[in-house]
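Letters A, B, C and D mark the chains as written, and numbering starts fresh at 1 in each.
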Amino acid sequence: MSQHQEKARIIRFEQLSELNVRITLDAPLIAASADAGQFVMIRTGSGQDPLLRRPFSLHQTSSSGYIQIYFKNVGRGTHILAHTKVGELLDVFGPLGRGFRFARDRAACLVGGGLGIAPMLFLAKKIASSSRDHGRDLIILGGRSREDVEPLVEDFKEFGLALRCATDDGSFGIKGLVTDLVKSEHLTRDTVVYGCGPENMLEALNRFCRSRGIACQVSVESVMACGMGACLGCNIDAAQGDYLHVCIDGPVFNTEDLAWNS
Amino acid sequence: MSQHQEKARIIRFEQLSELNVRITLDAPLIAASADAGQFVMIRTGSGQDPLLRRPFSLHQTSSSGYIQIYFKNVGRGTHILAHTKVGELLDVFGPLGRGFRFARDRAACLVGGGLGIAPMLFLAKKIASSSRDHGRDLIILGGRSREDVEPLVEDFKEFGLALRCATDDGSFGIKGLVTDLVKSEHLTRDTVVYGCGPENMLEALNRFCRSRGIACQVSVESVMACGMGACLGCNIDAAQGDYLHVCIDGPVFNTEDLAWNS
Amino acid sequence: MEFVNERDSYPDLRVDIGGLSLRNPVMTASGTFGYAREFENLVNLHRLGGVIVKGISLRPRAGNPPQRIVETPCGMLNAIGLQNVGVERFIAEKMKYLKGIDVPVIVNILGDTVDEYRMLTERLRGVEGIAALEVNISCPNVKRGGVAFGTVPSMAAAVTEAVKKAADVPVIVKLSPNVNDIGEMARAVESAGADSISLINTLIGMAIDVERRKPVLANVIGGLSGPAIKPVALRMVYQAAGSVNIPVIGIGGIETTGDALEFLLAGATAIQVGTANFINPRVSEELVDGIGEYVKSHKLNSVRELIGALEF
Amino acid sequence: MEFVNERDSYPDLRVDIGGLSLRNPVMTASGTFGYAREFENLVNLHRLGGVIVKGISLRPRAGNPPQRIVETPCGMLNAIGLQNVGVERFIAEKMKYLKGIDVPVIVNILGDTVDEYRMLTERLRGVEGIAALEVNISCPNVKRGGVAFGTVPSMAAAVTEAVKKAADVPVIVKLSPNVNDIGEMARAVESAGADSISLINTLIGMAIDVERRKPVLANVIGGLSGPAIKPVALRMVYQAAGSVNIPVIGIGGIETTGDALEFLLAGATAIQVGTANFINPRVSEELVDGIGEYVKSHKLNSVRELIGALEF
């Protein structure tokens, strides 16, 4: 586990929709040691307010030393990031946490909902580049409407894996939820589902996989102060009782290790 | 006394030297009611830190509804302002305080040192546009070196008043202090000296004027929270004992009303 | 004016703070709004719930030497030193304007001894235009070696009793946050007869200029206010509201509608805006609008449904 | 290592905190630096003055349910609930690494009763690699209805005495800021035998989610830390240092070299960096450099010349 704190230059800034932004950063040390599902902590301002760093999944890394984050402008910190410009420096710290445990010998079904699509590109890339038959691998992406999904589809297509899309309003892909697509696919028992998205999506995914006895890994969120196991602020309820910590035990968990409300 | 709070658009941004910046703002209500020597309070960020507004003298106003400030990047607030761009909005509040009391029937000697040049342009404009003989009016500008003075000289020259310059290092105008120039001029007893600049310059000006019995008005600074007489935070020692408040009793004072250290 | 009244009637924002009815829960805090006139160009004063004027003492006070204020992270320290014109000039000069504005005027009072508080209250009796008194007990008791009245329950109670006996208007007691048990202080002044309590006054803080190696403030220590103190203020309001039956007025770092709502939910019947007036002179009026919007969009019958309506 | 030693010898940053010598005054605060290992990739641990580990109790504690933290203006609230692995696992698992690092390790301890503090201290006696104990007295005393030890002088003194009697290393007592008279608390623990005091622990605060109408923290209240509290912390350090003869360790909102210097000038012999570790994991090392630069550029013989060197 090697972590790095880098002043990373913004190489590219993409406004993918009204609120969704993708930023490419030059952060060679982080890029070199990152794995799919891991995240970084970014300082959004230079002053003391907002005080805390904000966590973002690694959307992608490149061998040229770049990392990408894909995020939505939802509050103060992301507002500041959404108004940065190419050439500016961001203080980035990572890679952090435990990523997806890719099961090389089992079929993969990647499910990304809304901003939960972010870590899926990294995972798709990793899976696609593993030398094995990809005939049973599948990517499912969803969002509220076209703008949440379409801008990212080209990047996913590059990997040549099967791809299905869904939107709540039917403006792109089928009209419905990603979990509807998951259910409609005939996933075999040896498939591993890898999910990231809003809480209710993850709950539905968990219910479905459990009912079918399918293994499922999900990337979850929590409020974080340190991102590195020092503050103990990011706890979530564990299946066993007691707590797990999103930043070091996760953010990717086997669904059976977590306590689910429903 | 009418004050206005305006969201003022940045119309022009001039980097006059490494640290000195001049910003032109579209603030018609403030422009319409401002007088030379008055100031505005500007919110430098959109967040809660830095918390307080920062005071800036009005450098100039125009009949087209523009106001100008001229400032130096010395700390957090001015750093943020020095990184704004044309088109952005600033929250500006003013005009505030009591400006220079221009004595129409007496010769005027304007003395601006360093950033103290800021309010002098407004005053020079006012004096130049008053219909009277300007043969005995004089402007004296000074700074540490060329870059503190030269970029502003053209604007002052436009008024056709006599102009002398001094720099500490002699890189522009004479080598010396503005007060050296003041002393070398043969100011008559009926002259009014109008000064703004660092504390030690104002002290020297006061000593000189007092020794010659010449009236002197100076614009002084203090830390401010409200700028409008509500917080009572901006007090300075008065000649009478007790205190005066820079934001409402000043920022321009007759030197004899203030307590001087030397 | 008709338009204003109409707008004020719905949403119903009226609250009652111990015998004093306000058209809405937004007031301006003492020492941050001058004598109201300073803000007349910027705020429609008659739209506010109330205005608390700068603290008044029996005799005029010059206050502390400069430097009196310094900015801190998300806050500021002040050591104004209770500068004020004294009660006589206040009545003669300031009340003339204040009694003419259509908003409840609350006079903040302070003293060095219990007797001074009493005399001050007697002097203010019957003065036209005073809707209530707010008693600042964060002042040093000169007879008790400078220990602040607001940090010892019995001293706070003594001041409250003296003022209450002499006053002909409702009495708000403004608590100091520099105590261990705010609930105990709240109960002490309630028992002594306070009609309501307001809190918090400033936390005591300090700043040092490391180049000059001197305290930044001439007075060495000062009062911390602004957003930085909001979490502490909110906790104390919550604890105080849980400790007494009289209305509580929340103060401390309020800048946004969300901030104001937090205090109401924590149990405050009304709120005061302090430092935020310096940053946005229009803020108090904006909060009246913002709270109204919330009441409407959440389909509440009145703002009173929010008071202490915290769920667990 | 040779390079490092050379650099550490000038400027002379050594300080002594009640029987414990530190190579410089910069330590990391309990609960904000894990068990040090979390930071080994980011900080040269051996360059720090000391490391205080997360508070340890007699038995493991699960801590509070989520949500445990929330950001506030220039600060954060935490209600971790003293989660820790308990003293046995701490010794078995964490001390193995800690005794190997070249930096004084200070163990922060907490308990529900005076007896628990005593037993904990006895258990830590003789454990290799512990340079000092820091006693967190901001914990509720279960035998006294949950009133925090740190808010009642006699209870603070009782804990101090019990720990001091059982300890074989210097004892630092960490004071709670939620009191009226910090000087009184400082004197109480000094009289009870503390070798030094550290302050401040967090101020008690609260935040409310106005849409859900619930407290943000599951625990309702939490501890406020970060730059927001610096003015209060500095004032308390100044007052505490003026009240006792033992060394004082300053804590609260320290993020920059300037902040650290303010605390030294106010009378602190050393400082601890807390919340800032989250924002800039390298900050403690940067402060060592920054203080060194100041000592050099101001041509001081040692950092000790700064301690309490405030001019008036």
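Everything that follows uses one rule, which is that contacts are C-beta pairs under 8 Å (C-beta built on N, C-alpha and C of every residue); 3 or more make two chains touch, one makes a residue touch a chain.
In this text, all values refer to a predicted model and were calculated from it rather than measured experimentally.
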Contacts common to chain B and chain D (chain labels): A, C
For chain A paired with chain B, centre-to-centre distance based on mean C-alpha positions, whole Å: 54
CA centroid of chain B to CA centroid of chain C, Å: 36
Junction residues of chain B, two or more chains touched: 48-50
Residue list for chain C, restricted to those that touch at least two other chains: 73-75, 226-227
Arrangement of touching chains [line / ring / star / complete / other]: complete
Residues of chain B defined as touching chain D within the complex: 48-49
Chain B-facing residues of chain C, complex: 31-34, 38-39, 41-42, 54, 62-63, 65-71, 73-76, 78, 80, 83, 226-227, 255, 275, 277-282
List of chain D residues in touch with chain C within their complex: 72-75, 77, 151, 178-181, 203-208, 210, 212-215, 220-221, 224, 226-232, 234-235, 238, 253, 258, 261-262, 265-266, 294, 309-312
In the complex with chain A, residue positions of chain C that touch it: 73-74
Complex contacts: residues of chain A adjacent to chain B: 45, 47-50, 76
